[in-house]
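One chain, chain A, links the two complexes that follow: it is found with chain B in the first and with chain C in the second.
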Partner chain A sequence: MTLLKEKKIAALFRRTRFMRQRVYHSRHPFWVMVQKEVMDSINSWRFIILLGLMLLTTVASLYTAMSNLRSAILDDTATPFVFLKLFTATDGTLPPFITFISLLGPIIGIALGFDAVNSERGRGTLSRLLAQPIPRDYIINAKFVASLLLITVMILTLGLLMTGIGILVTGIPPTPEEFWRIFFFLLVSIVFIGVWLNLAIMFSVRFRQPATSALSGLAVWLFFSLFFSMLVNIIVEATAPAHITDVTQIIGYQGFVQNLLRISPSQLFSEATTTLLVPTIRTLGPITLEQAYGAIAGPLPLGQSLLLVWPQLTGLTAAACIIFGLSYVLFMKQEVRSRS
Partner chain B sequence: MKHNAQKILAWLTLAWLMGAVLIPALPASATAGGILLFTKHTGIAVTPGELINHTVDIINDSNSIQQVSLQVVEQPKGWEATLMAGGWEISRLSVKPRSEESFTLQIKVPLQVEKGSYRFTIRAIDNNGRTATLPILTEVTEQGIFKTELETDQPSMQGSADATFNYRLTLRNRTADEQLYALSADAPRGWSVDFMVQAQRVTSVKAEANTTQGINVTINPPAEIEAGIYTIPVKAQAGLSSAEVELEVNITGTYNMELSTPTGRLNASITAGRDRMVELQLSNTGSKELRDIKLNSSAPVDWEVRFEPKSIASLLPGELATVNAYIKSSDKAIAGDYVVNVRAQTPEATDSVDFRVTVHTSVLWGWMGVLIIGVVGYGIYHLFRRYGRQ
Partner chain C sequence: MVKENIIELKELTKKYGEVTAVDRLTLSVHRGEIFGLLGPNGAGKTTTILMLLGLSEPTSGKVKVCDIDPTFQPLLVKEKVGYLPDEVGFYENLSGLDNLLYTAALNRIESATARQRARDLLELVGLTQRAVDKVQTYSRGMKQRLGLADILIKEPEVIILDEPTSGIDPEGVRELLALIKQLSRERNMTVLLSSHYLHQVQLICDRVGLFVEGKLIAVGPIKELAGNLFKNEPILLKAEAEPVDDRIISIIGANQHVARVEQSGNQLLIHCREQVSAEIANIIVSHGARLTHLSQHDYGLDEIYHRYFEGGRSA
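Our next item is the complex of A and B:
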């Protein structure tokens, strides 16, 4: 928290009137810390690189979506949700926006959080910070809130950019329902990245070396994105019932496999976002013929879509909170010494 | 007139008898050297307005050519009788010796004539002044009417309310003059009656004296008519005479009903596992009473549809009945739209309606999610409280 010192210096020397006013108007020391953290991050190369990466992603997915929008609309005449196709349409060469987010989101989270505490500690500024008359948990809270703010701004910017360019190019404005679906999609993306951010902060508290925490974060990400599905496959092969005698049995087993997959945050995220952006999805699990009989294909209202993925949203939010709680406890219990 | 004719006949007979007795030297008309009149049909039955052609033969019994002058000496008043031969009207005819010649007595029976026997007498006088007479008796078997007749072979037809009834009428002008008939029908309100002559819609029709004219009558009953027998008088009115015929239309009832809701709305939303009341409206749009209307449904698996009341005993034409349907969805139903088909049926008529039922999933698990988040949030708050202010 090197900027805090600068703030103090600025406050001391009353560098500019403008600066002084800003400091004066920051009511609470906590928000001052958040502000400093945000400024620190924004000016860093790391954030610029991440932003560039996300921009590229946006442009690439927008390009894919644009070139496939026509065929995607022709394929699916049942739903009037043209605008949402921008986020999901693809021709297979480049993944759509939602896949990019689920792939790069964890990277952003890890990149913003992996050195939150241990770099401070490494530079020896943590003990100095703690010497200030502020509660100890302000440090970790401020780091978390600042990073989350950055993520929020980034995701909202990208989402709105996507929407804006979409309107410009297609000439189709989103309906209120589509707008809210996009809004909730962006919100879910923020929560999803928040999970990884918290995980990275936890590692940064736990491991002294930033490289170690970064690597462990990446390892977890790699595990979930590459090896987890393999692991589930192995479990499935091992536990698959030899004789299927009953429909309920196969449905129950299918549910079990799905729940195993849902341990991965990426799975929860992709289920939630797909349901939000494709209104025709009516259920995520297997459905029996009895349930399908008499059903008419049609889009769900937003409320029902939300209700359908409510467990996923709950899971993601709870995971973010619990990991944050863990890192909080770890940080609070940690012994902080001056440079040793 | 008849009396007169009989009198004359009596006198003639008397004269002939006297002649035969008193003047035996004079040859009789039947004897050689005279002429004879002969026809096969001396007594015929006719109807008024008919044209009769009697072929009469003159037989020349003498050895010289006879110039015969012919005359109808007796005919009823108002009747026309003409003598024709070779296309001409004749008064004299020449007959070769020992030969015979034929001519025609054309009688037009008047239209207005009493029933009874009428007598005609033709007298032939030859060169020598000898005469021969031939009485012909014509019996009119019908009262001469001098009026118009309107009739049909098929005065009664049967069909449903949406059918078209076609009647074929024959208008017979039995007056002596050409008439222009105005055609009219005294149909109840809502009926349409059209008169067609030679595929043209007409309101009047012209008929020459003693001719017939065919008229087609097309009757369309109103759609919402009750079953029953309806009589429609059709009239042809000319200045002096008119004729009327009653056409009978037997409307068989139609059975029809319509199932809908009071607002016409055919969708409903329902929470999975719960039930929902939908008000149905049943209306009898036919023309006959519907009895014992049963309601049933076909819904997705594990759904229940209950009706209150389960059946309707009777529904008169044009009446409405309200039925409450309680639709209970399966608790395994997934969110989104389902089709529930509701049918109302009697043996005669049936109608069905498809409801689009939107299933909402229960919000219970949503609250569970909120609860979990709440617990986690409380945990973090607890951590803040425990470690925060160090």
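Our next item is the complex of A and C:
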């Protein structure tokens, strides 16, 4: 009888070996956690939906770009950067790839982060995790690293996919400079989505209900994409100088308006990415006729473009770090009680 | 043989703002015993447990678990202590086995060893047949048993169980408690469990500590506690009569062996020092009332509980 039972159990465990079963490749608990988070995400519907959305974006923007590539090249004979047009060309009906990313990026970030901590709490797994011999910050760090890893893979895949299909369809390979520009563009996209990911993680620490934290994330996103420019307009109208006395005053004022707009991560992102993908952009600030006079229209070299958007890049990274720091502090100070 | 103290608390205090959750708690738990923390909800049991694990910092006082201070070296303590929170949760989309393997990996247990241990433990808690099913299909009792396997996979010296029996049916409770007892005896493991169910605690605990409003008001084996508490009035009589009036009560109360009389409707609870049921029956009948019930009661845990908590509040 017991022998039969033994056999049964042995058979069951043999069977499980062939079933989907998790094997952790790292010995270090932190990487075990990262691995688990990544596996969880990849197996979830959420990720599949996001991936589908992004693939759709790629196809749609490729289609727009392809159909407008000819006219875009004819319009602009000054630049030799044909390949970059794939990411920016549009006929006005469908937005190009960069606009898609600035629109969907926040959604991806929020979707991957909004239930990071509160779902652990809600399921009652947080206190069980905390009872294991791992430092407390591993939990939030692992979640961040895992999500960022997924975003990186996703964005790089899409970017390279676009490049690949672009080469196939147009028959034009990208020049090394174009390749690096695309690479830096993808890097900025990852940082940009990282900002929203961190914001969502912060809300997930702060709010106990995943729905509340998702909604808060979406609210911030809506605020910046819909109402923020309106708000800036109101401020601009209220503070506009009544009498313009000289050029420096108006330039200063223009700079002030621009800096206001730059509070929004999307603004920083679009400035950074357009500069990277449209090499003919030479400045982001106001420019006088005097300065423009005599300038030879031509593309900037990559180094100069990078230099131009360095503040934007720093700003985005700083925003991501600050928000993550906030959620870190919030999380570390939070009282551990099961579920409540 | 001197018993080795595996958990030592000295003057432990935890305050949340103005509220004192745990008030100057001094307690020691010996190696290999099953110790029950008893108390109503909000008595400070969970707070104490969190401090034992270093998950919460004490306001003042000292904690030592396995000779380690959990406030400063929580990781070392967590390697030796298994903690099963109340309402334990698992990753519902993973199988029971995967959940165990994850915990094992977090404890740096090598994968082959982890599989072997997971297999043995699932067998021990009777979940082998369901090992590869997702946890979302498990019942409450099964999750609790999986929780037990989960804390045992790191082979701890001490296990701490917070309300391990809440929400499980009576048969499940019996099995779980038997399992805990077996583990403690076979592996010489120290068990600290908190509960507000006295009857269950009584079944397996070597010693209990009674908690009321953050204070430990009594420690010892249950029998000893009961003996101390009721030594002045060891007999409880329950009588029912119709009609019951104040005159009867005052006459019964006047009896030299009767300590106290409590009335609820037609029911009288008479605490007395000697067996005086004959006299009481006599009094009731001679007053023209109809005696419908008269019996002697043993003090159960409910009475101990009730008595202690009443005492704790008034003190």
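Throughout what follows, the second predicted complex is superposed on the first by the 312 of 340 C-alpha atoms of A that agree within 3 Å, B and C clash if a C-alpha of one lies under 4 Å from a C-alpha of the other, contacts with A are read in each partner's own complex, and residues count from 1 in each chain.
FYI, a residue touches a chain if its C-beta (ideal position, glycine included) is under 8 Å from a C-beta of that chain, and two chains touch if they have at least 3 such contacts.
Fair warning: this is a prediction, and the values are worked out from it, not measured in the lab.
**Student:** Is A:Thr283 contacted by the first partner chain B, the second partner chain C, both or neither?
**Tutor:** A:Thr283: touches chain B, not chain C.
**Student:** So, does A:Met33 touch the first partner chain B, the second partner chain C, both, or neither?
**Tutor:** A:Met33 sits against chain C, while chain B stays out of touch.
**Student:** Which of the two partners, first being chain B and second being chain C, lies in contact with A:Pro135: first, second, both, or neither?
**Tutor:** The answer is both, since A:Pro135 touches chain B and chain C.
**Student:** Is A:Asn43 touching the first partner chain B, the second partner chain C, both, or neither of them?
**Tutor:** In the superposition, A:Asn43 contacts chain C only.
**Student:** Figure out whether A:Ser127 sits in contact with chain B (first) or chain C (second), or with both, or with neither.
**Tutor:** second
**Student:** Applying the touch criterion given at the start, work out whether A:Glu335 contacts chain B, chain C, both or neither, answering first, second, both or neither.
**Tutor:** second
**Student:** What is the shared patch of chain A, the residues that chain B and chain C both contact?
**Tutor:** Common interface on chain A, chain B vs chain C: 135.
**Student:** Hey, which residues of chain A end up touching chain C in the complex?
**Tutor:** Residues in contact with chain C: 9, 12-13, 15-16, 19, 21-24, 27-29, 32-33, 36, 40, 43-44, 123-135, 335-339.
**Student:** Which of the residues in chain B come into contact with chain A in the complex?
**Tutor:** The touching residues are 299-303, 330, 332-340, 356, 358, 360-361, 363, 365-366, 368-370, 372-373, 376-377, 379-380, 383-384, 387-390.
**Student:** Would you pull the chain A residues touching chain B in the complex into a rising list?
**Tutor:** Residues 135-137, 282-283, 287-288, 290-291, 293-296, 298, 300-301, 303-304, 307-308, 310-311, 313-314, 317-318, 321-322, 324-325, 328-329, 332-333 of chain A touch chain B in their complex.
**Student:** Spell out the residues on chain C that touch chain A in their complex, using ranges where they run on.
**Tutor:** Residues 46, 50, 53, 55-56, 75-76, 78-79, 81-95, 97-98, 101-103, 105-108, 110-111, 119, 123, 128-129, 131-132, 147, 150-151, 154, 162 of chain C touch chain A in their complex.
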